[in-house]
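Structure in structure tokens, see below.
Labels for the chains are A, B and C, by order of writing; each one numbers its residues from 1.
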């Protein structure tokens, strides 16, 4: 007999919830569904969405990277300090990305070669990278980045004929790539195996360490890229840019039904989680709901996201037991 | 159905189960099972995997609560609300895999949850320590009470578990396959302790797949099949065949049908393989069509040798050649590319991803070959799984079911399928039939024999001596990390293998 | 039910293994010793560079600055030892500090009432997290992250941009933060008492040992009949109570409290605990180590100020220290295992 969980998966539920929030917003709030607002709402989630992609892969493989927001800040601080020193923006971008990859490499190296738990490692590098950001830029704020790039990142410039801002368009392309990678390739299968039973994956000839290392590098790379997007979008490079954002990213991914213990979850679910938090925030802001209520809603959603699937399966089990007891 | 010998017992049983039933979801694990244990009795519980033995002992241990039925302790009904209740009632359980706290000391492990206390309910650390030292002396082992449990061998961990049972003078001792990972001498030591406990009036409930142990140790045996009670017999009135028939419900074919095969060229060649402190200077060859058994006591380093050969562990020195070409060290991928497959000993942790489906588990070893450009084609994945499931006569619901829902024997078939699907030229199997039921065991043996006949080189690590003697063309024996003997099929006897394994024989030159 | 409980009569055995035991104890203490050593070294070096670091005012500042973090580290380590984590502590401190301040502003309630209120509020928060983790069986990191948001949101919502001013607080409350006994301020004394009490409980009481057992092997703990849910719930309630207590002390110490007091402290507390040798994977470590870790992190901050190193470096140094601590632990553990392995067969 099939459990109830087979019929209603949590990631589907989040997708439905997302549509419900959209419809509720459209009918209740003027201007919510306008293209201008949609562009802004989407673009506001750009960094979270971008970082959520490698984060989903990491969590499926039973890992986590808490240092992403600090890396975003470090990348922003680097960009600011180099721009301040008069370097060309075309040079700054690859330098930031290189720093991101290096930061990810350090995380991955400590996890795979030294054999430390990812949570402990990335709490450490969370502090380290944010600290380095302070060292690089202090408490200065650098502004005045070139217009061509700033426009690219803003929500008012959209892909011609659509309401999609460029960072989100890029995210969409990357999301499709990540989905294919996770769900249709051998690499994706390996991630699930590593997340569910690492030893068994290693004994099946999967290059566990190399894969984990690669994931951390990609995560660092993406975080530093998000740092550039953030800097351009707000037009300001600061060491404390994106402070605490790592928790929002993880909240979004888990809300989308990716199991924190690894081995379960879908990329679609994670994307739905990101968009749900983004849209909800936008909707509540439009309705002049205070920021604090939004924070509470995010927290409750997060708790619900881990509690609900378990409650559903517990209910299903109770029901099937009752069925079994009745001859 | 075989007739049950009705025993008349006048004394009151220490522990009795009456009409126990238990379901997990839609699976009925136990239906109307009864069992009585008397003081001073060693009682065996027999049955194939999935017969409900584990469920029964977990009910007796207070881990599960029965859906129906009663437990009687000294003829008075009891209900256990948790393992602590059962323990307080004097029931000790030694599980197949020892359940210790690796970070805590041996003494703390033994007394966890019921430490002797001083004033103000503080733990009396000195008496915990001294009582543990006394227990270790009584068991005749040299284990310091303050040693952390991390790093103890399986046998020593079992000893700690037994010390735990001794420490509260258990009246009922339940042992779930305690000897599965023990060496001959360790088993003997265990049995001596158990026998002493029994003589002092404890009731012992003993589960083992090794029938000779049942016959040696126990007075009565209760057989379960498919979650139902089948019979309770006096052991003296039974033959091994009778017992097997009760367990599987039919007559069995010959257990070890090794066919003679034409030996081909050398497929696997291990040269001077060494891992410091684990095994030393191990060299041997395996030829196509040949089944070579790697025998020895548990802890002799056999699993470690094959794991290093396959590359999941990195050896410190030595080489492995497959079909004459050297393998890169510490790379399972390289070994797989060269045609080597390893079916590991620990099915649940290393053989399978328990929460993945049957088809994905079988596909896991061929992720590169199930499509093009790294993509996995679902039809190919499913086809591969369906093919092998049919070839190995796997019993399953759907291929998309989690592999965890299968019985132990069928799980082992999935592991075999996953590796045979790589079409290996060298198959290494580590304890291929441990903990699986007799029926599946015979199937696995037939399969290995057929594969060898088809030109596969098979290297088999096994602690099951009849299996080694029945299956192997050649027996390599390891003792304390070294290869000490190579015995051809004709000369391999229980005695010759054990003599070498215990290090008593003259050190014959290894291959 | 009928259950025969059999008490063990510990055999009166010789204490010849005693010396071996103290040696083993010493090895296990090595982690605390090295962190303590680093702390002493740091203080000494800073003092040599700037003797003002250890004058009366300097010592008092050091003690006061580290008190609250040490207190929180004690609460957190009890949770981490059970292989769980409590990320909500920072927000609980913020909430209780504000709530307590709001409650006593303009009144003349005693410090005792304020502390009691803080503890009660903190315990309530801890109980919610604990119930979700132990009975809901959901990952601790996720639940307490959710709780972090909820409590923080409640806090901001309640505060609504207001702040508590020291001028409105009763003197009794403020004296808790400024008063002293024989020259030692109350705060470090309170912290030391909580620390010693917790350490003694963890070492010498069944409940304390069971926390270690749960973190070391949850499955074995279940089979040993340890009441896991109750213990984990207790650990969270304790961590919450400590956070609430710390909130009340925060109010007393700083007098002026805005809604985002202690915002982001959760990760600092976890860092302190990990630097102090409490394994994030549970079952290993002591509250002494955690306290030393917290003291070390705070002292680094103070030392940087005294040494006139830009405070921008503080966080980076903390990060390096944390990584160095866990890396060293791991390498030592690996060396020991490998040495044991090689010794097994000469």
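Everything that follows uses one rule, which is that a contact is a pair of C-beta atoms (placed from the backbone, for glycine too) under 8 Å apart; a residue touches a chain by one contact, two chains touch by 3 or more.
Everything quoted here is computed from the prediction, not taken from an experiment.
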item	value
Touching groups left behind when subunit C is ignored (all other chains fixed)	one piece
Remotest chain, subunit C as reference, centres from CA atoms	B
Cα-centroid distance, subunit B relative to subunit C, in whole angstrom	43
Rounded Å distance between subunit A and subunit C, as computed from the means of their C-alpha atoms	30
Footprint of subunit A on subunit C - complex, ascending	85, 132, 136-139, 141-143, 145-157, 264, 267, 270-271, 274, 280-281, 310, 312-320, 322-323, 326-327, 330-331, 334
Interfacial residue positions of subunit B with respect to subunit C in the complex	61-63, 73-74, 76, 78-90, 93, 95, 99-105, 108, 111-117, 121-131, 133-134, 144-147, 151, 167-169, 171, 276-278, 280, 480-481
Interface residues, subunit A side, partner subunit C - complex	110, 114-117, 119-121, 123-132, 134-135, 138-139, 239, 243-244, 247, 250-251, 254, 260-261, 290-303, 305-307, 310
Of all residues in subunit C, those that touch subunit B in their complex	1-13, 15, 17, 20-21, 24-25, 204-206, 209-210, 212-213, 215-217, 219-227, 283-284, 337-338, 340-345
Residue ranges of subunit A in contact with subunit B within the complex	1, 3, 180, 184-190, 192-193, 196-197, 199-207, 263-264, 317, 320-321, 323-325
